[in-house]
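One chain, chain A, appears in both complexes that follow, with chain B as partner in the first and chain C in the second.
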Partner chain A sequence: MKKNNWKAWLYLLPAMVFLGVFMVYPLIDVCIYSLEESYNFASQSYTGVGLYNFRYVLSDPYFVRALQNTFLIVAITVPLSTGLSLLIALGLSSIKPLRNAYQTIYFLPYVTNTLAVGLVFMILFKRTAYTDGLINLLIAKFGAGPVDFIEGPYWAKMFVMCFYTIWVVMPFKILILTSALASVNPDYYKAARVDGATSSRIFWKITLPMISPTVFYLIITGFIGAFKAYSDEVAIFGTNLNAAGMNTIVGYVYDMLYGDSGGYPSYAAAAALILFAIVFTITYINLTFSKNKVQYM
Partner chain B sequence: MKVVLENLTKQYQSRNIKGQTVTAVNNFNFEIPDGQLIGLLGPSGCGKSTTLNLISGLETPTSGRIFFGDRDVTSLPPEERGVGLVFQNYALYPHLTVEENIIFPLQNLKGAQKMTKEAMHAKAMEVAHLVQIEPYMHRKPREMSGGQQQRVAIARALVKIPQVLLLDEPLSNLDARLRLQTREELRRIQRETGVTTIFVTHDQEEAMSISDLIVVMKAGELQQIDKPQNTYDDPANLFVAQFLGTPQINTFEARIQDGRVFIGDEAVLEVSGQKDRPVWATVRPEGFIHTENGALTCRLDRVEVMGRDVSVVSTHPAMTGRNIRTIIAAEEAPDITGETVRFNLKPGKVFLFEKDSEERIRL
Partner chain C sequence: MIERKNSRVSHALIYLFLTVWALIVLFPFYWMVLTSFKSFTAYNSEYIPKFITLQPTLENYRDAFTTVPLGRYFLNTLIFTVATTGLMMVVIVPAAFAFARLEFKGRNGMFALFLSLMMIPTELVIITNYVTIVNWNMRNTYLGLILPSVTSVFYIYLLKENFEAIPDELYKAAKVDGTSDLKYLLKVMVPISQPTIVTIIILKVIECWNSYVWPRLITYDANYYLVSNGIQEIRENGFGRENTPAMMAAVVVISVPLIILFLIFRKKIMAGVSRGGTKG
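Entry: the complex of A and B
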C-alpha cells in the first residue's frame, strides 16, 4: 500500500489542481479582500487592513434590507415547500391511474427556464396600463381592491417572491420524495395495517421516520439554496433589486461587484463571508438537531 | 379459533394480457381445527401466500367466505379480525427498538381497550419471555441475528393475543442450522399459546416435521389436507405423491392387465377387480426389495453409499424423470454390480394413478 501512495496522489492530481485553482485559491482570496480596506481592482492597491469592510456592510441599509429579505424567504419557503412537496408526493404515491402523467406535470417547472417562468408570473401579477394582471382580476371578483404585486407594498412583493420560490423548488423535492416513498418496503405498511395502526399513525410513526434522511437532505439543501437566492428575484423584479427593496445577500454581493454602484470587491467579499457564516451556522444547527431525529437505516 | 374457508376464490387481472384473469386461489373449502399448527405447502406460485393474505384480510376474496369460529370475517379489515401476521422478511420497523416494535400493535388499541404504558411494558415482557428475547429489548432490529429478528416478529404478532397466527415462509430467511432450531421453537410457542397457527412453506420437510395438518396446494387448487404422515403414505393424486418425499418418488408408465400391474413386460404387482387400462405407477425409494429374481429389471447406473443406507441409481425404459433411485439399508445390500439390477416391490409403497386425471386408484 505504502509503496504505491504516489500513484494514488497522481490519480487525485487533476481534481486537486482544478479545485485548488477554482475553489481554494478564490476562497482564500475572498478572505484577503474582505480584510483589505478600499481595495481597488485596477490599481491593486489598498489603504489598510482591518474589519472596516464588515462594519460598513453591516451598517449599509441596503445590506440590512437584503439580509431581512433573505431570512424571510428562507423562513417562509423552506418549510412550506418541503411540507407541500411531501403532501403532493404522498398523494402521488397513493394513486395508481395517471400517476406518471401527474409526475410529469409536477416536474415541468423544474425544466422550465427561470426567465420564462418569471414572465408568466409577470402576466399573473404585474399591473400594466392595459390590465391589472390575472390575480388582481380574480381578487376583484371577491370585491377586494387591486394590489400592485410588483411595484406595490412590501408584503405583496414578498408574497409574490415566496410564491414563486416555492413553486420553483417544489418539483425537485416532489421527485426526490416520491422516489423515497416508493423505496419504503410495502410490507411495513401491511404489518402496520394488520397491527391496527391508523393512517395518520402510519405516517408519523413509520413513513416519516423511514424517509427522514431524504426529508432532512431536502431541508438542508433547501436552506442553502434559499440563502443563495438571487436569479429568481431578478426574474420578477428586474436587475435593480435595491430600488425594488427586494434584494438578497447574493444580490448585494453581485451589486457590490458589478452593479451600478459596483466596483467594491472588498465590501462584496465581506458580505459573501457573512453569508457563509450564516449558512454554516444554520447547517450546523440542522445537523446537530437531526442527529436524534433522523433515522439512517 | 377454528378457521373455515368456504368456496374461497381469488382472481387477479393479468398484468401481461389485458382482460385476462389469473386464478390464484380456486374454490377452496376447508376447515382448520382450533389450536392446531397448519402448514400450507406447495411449489412457488401455487397461491399459498394469497391464501394467507385472504385469511389475514390484506386481500379480499373474489368470492367465497371466511369464518373465524362462527364469526364471518370476510368483509372485515385486518385489524378487526384479530390476526397476527409474521412476514417472510419480518417487516420489523428498523427505527424502533425491539420493545417499541412489540408494543406497536398495543399502542394502536382504541377506546376501552386502551392500555397504560406500564401494562404495555408488562405485556411486551411477557411475550418477550415466551419467545426468549428479553435481553434484547433495547436493541434495534439491525443489531440482531435473523433468528432473533424472527422471534421479535413472532412476539409482535402475538402481543395482542391473536385468534389466528399467520406466518409467511417464516423460516426461509434463516440458515440451515437456525432453521431447524427455529422450527422447534415455533412448535413450542404454538403449543404454549394454543393459538391456531397457519404457516406457509415450500419446504416439505419443514411442513412435515412440525405441522398437525398439511394443506398441499398446486396452481391455486387444493390437492390434499391430511396429517403429515398420511400425505406421504396415502397421497391423493400424482402431484402430492411426487411433491412429497426426498428422494422423489419414482414414477413409471404402467398398465393394468388381467389383474396385474405391468411395467414394461414385467408384472410387478397383483391388483384385483380393476379393468385393464394404462396407469401411472409410483414407487417410494424405500419400496424396493433387491433380490436376484426380482420382478422388475432395471439397468444399473451406480450405487451411492450414504452410510446408514445405500442408494441404488438405475434406469428403466418406462420411467419418467432422469433415473430410478432406490434406498436399501446398508446391511441388506450385498455388492451390487453388473449390468442389471432386479427388485421386488413392497405393495404398500406402490401407488397407482389414473393416466389422465392423475387421481389415485384405490385398491
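Entry: the complex of A and C
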C-alpha cells in the first residue's frame, strides 16, 4: 500500500497549494501586518513593531461606531430571528395542506442576491421628492408622522437594517428548525397525550429539549453570521457606510483596506483580529453554556 | 366538541400567522416586478404608489440593458460562476478521494489540519489575499476574481464523508482488475456520489452568483463587474439615480436566474442547504 504514497500527495496537491497561498499564508501574514506600525502600502516599509495599530483602531470613533452598530444588530436580530423561525417552524409542522407551498416561499430569500433585494427594501422605506414611500404611507394610516428611514434618525435606520437582516437570515433557520421538528419521534407526543399533557407542556417538556441542540447550533451560527454583517448594510445604505453612520466591523476592515479611506492594511488587520477575538470569545461562551443546558440525545 | 372547535380556531390562527410571514417574504418580489413594469413618468406621478399597473411597459428592461452594461455584468458573473465552480470541483474531488481511500503517511494529521482551517473566517485572510492579487497584477482580471475562492475545506469534508460510505470491496475489486485510481475515481466514485456533487455545485453557484465583497475589492473597471457590483454601480451612478423603475428592472433580471434554478431543483437545494448551508 505504501507505494501509492506520492500519488496520494499528488491528489492532495492542488488543494494544498490553494489553501496554502490563500489561507495559511494570509493567516500568518495578517498577524504580522497587525503588528507593523505605520506600514506604507506603496513602499512596503514600516517604522516599528508593536501594538499601536490596535490602539489606533480601538480609539477611532468610526470603529467604535461600527462596534456599537454590530453589537446592536447581533443583539436584536439573533434572538428575534431565531424565535420567529421557531414559531414559524412550529406552525409549519402542525399543518398539512399548503405546507410545501409555504416552505418554498419562505426559502426564496436564500436564493436571491442580497444587494438586489436590498435595493427594493430601500425603495419601500425611502422618502423622495415624489413620495414618502410605501412604508411611510402605511405608518401614516396609524397617525404617525413620516420618518426618513434611509437618511433619517439613527433608530429608524437601525430598524430597517435589522428588519432586512432578519428577512435575509430567516430561510436558513426555518429550514433547519422544520427538519429538526420533523425528526422528533412521534411516540413521545403520543405518550404525552395519553398522559393528558397540555400542548404548551408538551412544547416545553418534550419538543424544546429534543430540538435544543439545533436551536443552539442556530444561535451560534447566527451570532457568527451577524457579527460579520456587511453586505446587507451596503444594500440598504450604499457603500459609504461611515457617512450613513451605519458601518459594521467588517465594513470598517474593508474601508481601511480599500475605498475612500483605504490603503491601511495594518489597521484593517488589527480590526479583523479584534473581530475574530470577539467572535471566538462569544462562540466559546455559547458552547460552554450549551454544554450545561442542552440535552444531547 | 369544544376541543374540536378549539383546534379549528387555533388552526385558523396558525394559517393566518404563516400567511402574514409569507406576504412579508413575497411582497418585495411583487413590488420589484410591479415597479419594473411602470413607466418612469407614471411611477413618479404616483404619490401613493399603485398596487397594480394598467399600462405595463417593457421600456425599463430595454433601459436596463442599453443604458448600463447589464448584459456585460451578466456575462462576467456567468464566466466567474462556471469557472470557479468547475475549478473547485477539480481541486476538491481528488483531495476528498485521497483522504477517503488512499493510504499515506500523515493522512490523519493532514486531515486535522484541513479541518482546523474551517474555523478561519474569510474576513481574516481577505486582507492578504487582496495584497497578493494586487502584487500579482491581477486586479480587473477573471483570474484575480476566481483564484481565492476555488477551495472549500467544508466541501472536501462533505465529499470525503460521502466517498467513505462507498463499500471498500468495490475499490479492492477494481484494484484486482488493475483499474487505476484515477479511473476508479472518475468511473465509480464520482457517479455514485452524484447527489452530493450536485448539491455542492448548486450551493457554490448560489454563493458565486451573490458574491459581492471580493469582486468589489478586486475590480474597479466596470468591464469586470459582477451583477452585485453592477447593482451597486447602478444605484450610485447609473440611470440618473432617480429612475427607480429601471433599477427594479435590473434587479428583476438579476434575481430571475437563481429563482428559476431554485424552482427547478427545489428539493435538492433545500436538502443541500440543510446539510451544508450557512448564511444566517
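Note that in this section the second predicted complex is superposed on the first by the 279 of 297 C-alpha atoms of A that agree within 3 Å, B and C clash if a C-alpha of one lies under 4 Å from a C-alpha of the other, contacts with A are read in each partner's own complex, and residues count from 1 in each chain.
One rule holds for everything that comes next: contacts are C-beta pairs under 8 Å (C-beta built on N, C-alpha and C of every residue); 3 or more make two chains touch, one makes a residue touch a chain.
As the structure is a computational prediction, the values presented were derived from the model and not from experiment.
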| item | value |
| --- | --- |
| Three-chain arrangement built on chain A, chain B and chain C clash or fit | fit |
| Which of chain B and chain C A:Trp167 touches, first, second, both or neither | second |
| Which of chain B and chain C A:Tyr11 touches, first, second, both or neither | second |
| Which of chain B and chain C A:Ala191 touches, first, second, both or neither | first |
| Touching partner for A:Ser183 - first (chain B), second (chain C), both, neither | neither |
| Chain B versus chain C as contact partner of A:Pro265, first or second or both or neither | second |
| Partner chain in contact with A:Met210 - chain B first, chain C second, else both or neither | first |
| A:Val117 touches, of chain B and chain C: first, second, both or neither? | second |
| Contacts of A:Thr281 with chain B and chain C, given as first, second, both or neither | neither |
| Contacts of A:Ser45 with chain B and chain C, given as first, second, both or neither | neither |
| Three-chain overlay, vertex chain A: chain B-chain C angle, C-alpha, nearest 10 degrees | 80 |
| Touch count on chain A, higher of chain B and chain C | C |
| Minimum distance between Cα atoms of chain B and chain C in the superposition (Å) | 8 |
| Intersection of chain A interface sets (partners chain B, chain C) | none |
| Touch list for chain C against partner chain A, complex | 11, 14-15, 17-18, 21-22, 24-26, 28-29, 31-32, 35, 44-49, 90-92, 94-95, 97-99, 102-105, 107, 110, 114, 117, 120-121, 123-132, 147-148, 150-151, 153, 156, 181, 206, 209-210, 212-213, 216-217, 227-228, 231-232, 235-236, 242, 244, 247-248, 250-251, 254-255, 258-259, 261-263, 266, 269-270, 273-274, 277-280 |
| Complex interface listing, chain B residues touching chain A | 56-58, 77-79, 83-85, 87, 89, 91, 93-95, 104-105, 107-109, 142, 156, 160 |
| Residues of chain A that touch chain C when the two form their complex | 1-2, 4-5, 7-9, 11-12, 14-16, 18-19, 21-27, 29-30, 33, 81, 84, 87-88, 91-92, 94-95, 98, 102-117, 119-121, 123-124, 128, 130-132, 134, 137, 167-173, 175-176, 179, 218, 221-222, 224-225, 228, 230-231, 234, 238-239, 250, 253-254, 257-258, 265, 268-269, 272-273, 275-276, 279 |
| Chain A residues touching chain B - in the complex, by the definition given at the top | 185, 187-188, 190-198, 201, 205-206, 209-210, 295, 297 |
